[in-house]
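What follows is a group of structures, each given as structure tokens.
In the two complexes that follow, chain A is the common piece, with chain B as its partner first and chain C second.
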Partner chain A sequence: MINSEMNKLVETLLQGDHAGALAEAKRLRAAGVAPERIVTEGMEAAMSRLDDKCTVESFNLLEIMLVGRAVSAVANELYPEGMPPEQGRATFVIATLEGDVHDLGKNITRMVLIGKGYRVVDLGKDCPVENLVNAAQREQADAVLVSGLISPVIAQVRKVRPALAERGLGGIKVVAGGAALKQSSAEALNVDYVAETAFDGARYLDELMRRRHE
Partner chain B sequence: MPELILGSDGETHRISFEPGPSVRDVLDTTDFRVRSGCRGLGACGLCRVRVAGGESGAPTLNERIHLSPELLSQGVRLACQILPRHDLHIEILNPAPPSNWKSTPDAALLHNARDQPREGRLLPPGIKHPCGVAVDLGTTHLCLSLFDLVNGRWLADRMGHNPQANFGADVVTRLAAAVESPGAAREMSRLVVMAIGEGLLDIATREGFDLRRIVYFTLVGNTAMLALLSGRNSGLLLQPDYWIRPVDCLPLETSAWVAAWGINPVAAVEVIAPLAGFVGSDLLAGLVAMHLAEGEAPALFIDFGTNSEIALWSGEALWVTSAAGGPAFESSGISCGAPAEAGAVFRVTLGEEGDMVCRIIGDDRAKGLCGSGLVDLIARLLETGRLTRTGKFAGGEAGFTFNAGETVLTLTKGDVDLLQRAKAAVGAGIRALCDSAGVGVGQLRRVCVGGAFGRYLDVGSAQAIGLLPALPQAVVELAGNTALAGCCDVMLSSLAAQRLERLRGSARLINLASYPGFEDAFLENLYLQPMREE
Partner chain C sequence: MNSLERIKAAIALDPVDRTPAVPQLFGHAATLAGVALGDYLRDGGLLARCQIEALKHYGHDVVFAFMDLSVETEAVGSILQYRENQYPDVASYVLTPDGDLSALTMPDPARAGRMPELLRAAGILRRELGDTVLVAGCVAGPMTLATQLLGIETALYLAADDPERFEKILDFAAAVAIRYGTAQIAAGVHLPVIFDPAASSAVVPPQFFRELLLPRLKRVFAAFSQAGALAGWLNIAGPTEAILPYYPEAGADIANFDYYVAPDRAQQLLPHTCLDGNIKSLSFVDAAPEEVGAAASRLVAAFAGRGGFLLSSGCEIPPEAKPENIAAMVAACRGDEACRS
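== the complex of A and B ==
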């Protein structure tokens, strides 16, 4: 159920109306609404509605990128220094691994997760596994997400879990996604989950975080 | 356009044609070939059809030699001797066995319009009537052109499927298969060598041609196809470092190919080296055919495909990139899609009542939309307000259903999305080249479009959705298979071969994935709207 005072924010976000969403977020803040509520009742509600719309037959990349950009703009407005790690919000580290320079899919996943109210640390593209592990340790990540469009990156993906375990970070879940990776099984990639789409990955993480809180 | 009305298997097929070619030539571009054993000269007498209605002209001398007065009185004729000008109703009496090979519809146009005498090439002594073959080895199709080397005259064309498709529709899947299994790598090489042999054999048997006349064999292709053919360095192409670096994938040994094809044992087999991992010799050949890097005016070349290769001539320097946008231009992955072959809707216009009027290649039964049909349909939906510029149906529908002849087709939102992505990759590629070369889109004086997709493309539709720059239509040249045309040039002329090598030495490569403005340019070009100048 969408809170009526959040209606306009949710609508502008879903329309990908960058400027409108930003103006609405500012208005809500000025009216004394806490950033936390804007995230949970506005951004998350919009993401969940978008998720419902994005079946395979009616997926539209432009629509998702526009919503993603509007969501990122609102998140930046609310938290110019980046989302704070407190308040029980989960942290994910995301990267396109070394050997691959395609990061559009990774960027979309980042925007979806931000929209769902998570804290996301983005390490960019062509990222060595070691940097990923360092960041996971430093940020006390709940999960790391790796993406790849081309198959040579598979060898890098397989190294992530052992590299985390070596630092005693074996509890951190590893999620893989992207054209080259989603054709493989979680076993073959040595990861915890292979996401079909950004939303599929986000649902897996939602479920993971829900279980942790129970 | 007049139609050939064909009775076959108790069904009727309607094939529209431009007057000029013979009934046999028209049929050769479709799935309904008639048996033949000469070059359509009327010499073999095999291509028998029965005329059931329409004006077919008086029987020729050749027909009176091969067909008895009784047969002629029953309407039996030779398909190669009838040059229809109006609707003609026929029945094929002597059908050719089903084949992977057919003539390309624009072959005669492509080659007869060209003036390409042999120059600077020495002919081996002692061979009567020497001939040469040019081959474009594509991911989906394999195209061959045969020329008489003495006078530079074009003799025949064939187009068939690349049989490696069993190992994967796209190059990355095939390369990965080759890297994983040496057996698969050997098989993929063997399949292409065999397919070239079959294409040549089809010419030999249907045109009554002696393959031992062939003394030149020149082949171009994308880098992955060349590596899979030679069996060399396929693995390097999976590494991004090599995408903008040269990759050695020339064959070490070709005498076994010459023997397998049955061409002249002295034949010179030349595979043209690619420019880099993501730019094949097919692109270089296309630039040679279009004379792109000549003159002072900025010119753009786009060869649309799963990986669209794009080149920009600034007037001083040549810039090249490759945009991996997915197979939407070939209509692969599109729910109502079909390859640009017989049965494909290639043109969609608006009827008087706002309905969609479809034109179909080589048949009247629609199998689906090919790339140009898809572009047309989306442009028509935009112009009638049924689709928004973000790619959503205005009424929130999941798809648009329409009649193509007697077939009902549905375009889904997902189909529109795939075309938007393919278009956005090309648009970002054009932006990256223009930025690098310091050329504005509005300054372009030529826009050359290669590939089968370009052959049928409606320029107005392509501009309306932002697939091509919004420039006067006269600037846009739809050139068909430019890779094959350029390969013919190089085979026939050492000057053309030198031009190709100069291009290789001067081209500046751009890796689109590392272009800083990629994501913004991609997003901008996802919109279905005329291309904007930055």
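== the complex of A and C ==
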């Protein structure tokens, strides 16, 4: 019974039906299903299927935004105060850096990571590197993620790693993504990984977290 | 052959003396001239002067009467935030998801926002260059303007939640493109390029392009053709392999392709259409001139058998690009000329 209800939630999420997904999640909670289980068997399962579907060749923002909106609605229902650190598998701090106000890519990445059960601290757009480093320290982040649509922001991206190291946070991984940044390399950007898509970045982080827990 | 004749021949897939060099140089012309981008984007006379200076400097085959993709939304009523050396952003969108669509008024290109300045630039460029060089104008495509009227997230959610309302906005955006583009033709451009980055398959699925955007692009290109445009030029960056085959139906005689699409694949998909592309934009900023030159030469060679090619970047060459990298790209076309002669 619960399994079929959970499948219904996954399907509704994948259809991008946020109102329907919210109703399914409420039904599951009313039936006594724990939020953790809804995250892993509902939200994560939906994101995993969307990941399989979204190859680099067939990755479009509209579809992902609709699923992301549905996933966020369920996450907000389960955790109105935000996902607690002990519930999330890891904490990531995400921002569009100073000089760039295009934050759609960042917002999508945030939704994908929330859907995978991570705790995501979003610093918004036009964010100074110093604020990013402060947040990484305060939130005990496992990684920081920066997104950039336009090339002038590259100079800011290159500053992130040294700024983290200066605070003794050199162990925090830095992931970059977005239309301008993905034309470059990790070496040129002075980051640990350049993600081709939000899912590519999420896979890198999954693997990183898996290795940490081994 | 002069530049315009060379480009016309390439559009017709006829023989050319060398591959035309068509770098997408917009704000870079300001940087090259040592002018603040914010001034360049608001002064048609300055824009025209910088474009002509860049043309003299690099010796390529096109000038662009183009400011940025916010001109139309500003003319309709959005508030922009200008920065000294960056393109402006929309600080306040003219439309809200449930706002009154009938309040949207068609901008008059002779008076609205920066449109008159752009028309002034178009007129100066055509007067100065006549029919020696292609003078290209530019308009935002319907999808891009819709996202600029609402904000991209709001626009995409609206497209899913209230398609009927969204289509009305697309119709308005297409009408703005027609009004602004035909005014550019009247002011002197040989053709207005339709830039529609938000129509890319990275943003919306191919089915969305076919059903919602293709009919409107068709309408805009048909109006441009009727107003005397030399050709239809569609520029959509990003992964466009799934939608390229629809470009001729839209009315595009020149199809831009970005670095995501391999040159041989683009030729397979559009065997009878002139293509322009596809050097990575960022390589003009961070690569060495030899690398850009080599990429350009590979592209020229890839089209040597077929013709119908304009050597270009896949997307805009960033304002801060290294001039020696653009020169290296143009030099690949000169090398082509030497080989042919």
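As a working rule, the second predicted complex is superposed on the first by the 205 of 214 C-alpha atoms of A that agree within 3 Å, B and C clash if a C-alpha of one lies under 4 Å from a C-alpha of the other, contacts with A are read in each partner's own complex, and residues count from 1 in each chain.
Heads up, the rule we're going with is that a contact is a pair of C-beta atoms (placed from the backbone, for glycine too) under 8 Å apart; a residue touches a chain by one contact, two chains touch by 3 or more.
Predicted model, so just to flag it, every value in this text is computed and none were measured.
Annotation for the three-chain superposition on chain A: chain B and chain C clash. By the document's definition of touching, neither partner reaches A:89: not chain B, not chain C.
After overlaying the two complexes on the shared chain, residue contacts for A:188 are found with chain C alone; chain B is out of touch.
Applying the stated contact rule after C-alpha superposition, one finds that A:159 touches neither chain B nor chain C. By the document's definition of touching, both partners, chain B and chain C, reach A:66.
In the superposed model, A:8 lies in contact with neither chain B nor chain C. Once the two complexes are overlaid on the shared chain, A:107 sits against chain B and chain C alike.
Overlaying the two complexes on chain A leaves one chain B stretch of 60-68, 96-104 or 114-122 clashing with chain C, which is 96-104.
Residue overlap on chain A between its contacts with chain B in one complex and with chain C in the other: 16, 56-63, 65-66, 69, 99, 101, 104, 107, 150-152, 180.
Within the complex formed with chain A, the chain B residues making contact are 172, 176, 238-240, 335, 390-392, 398-399, 412-414, 416-417, 420-421, 511, 513-514, 519, 522-523, 526-527. Residues 85-87, 89, 152-153, 156-157, 159-160, 201-205, 208, 238-239, 241-242, 259, 280-283, 285-286, 318, 320 of chain C are the ones that touch chain A when the two sit in their complex. Per the touch definition, chain A reaches chain B in the complex via residues 16, 56-63, 65-66, 69, 99-102, 104, 107, 150-152, 180. Residues of chain A that touch chain C in their complex: 16, 56-63, 65-66, 69, 99, 101, 104, 107, 150-152, 154, 179-180, 183-184, 188.
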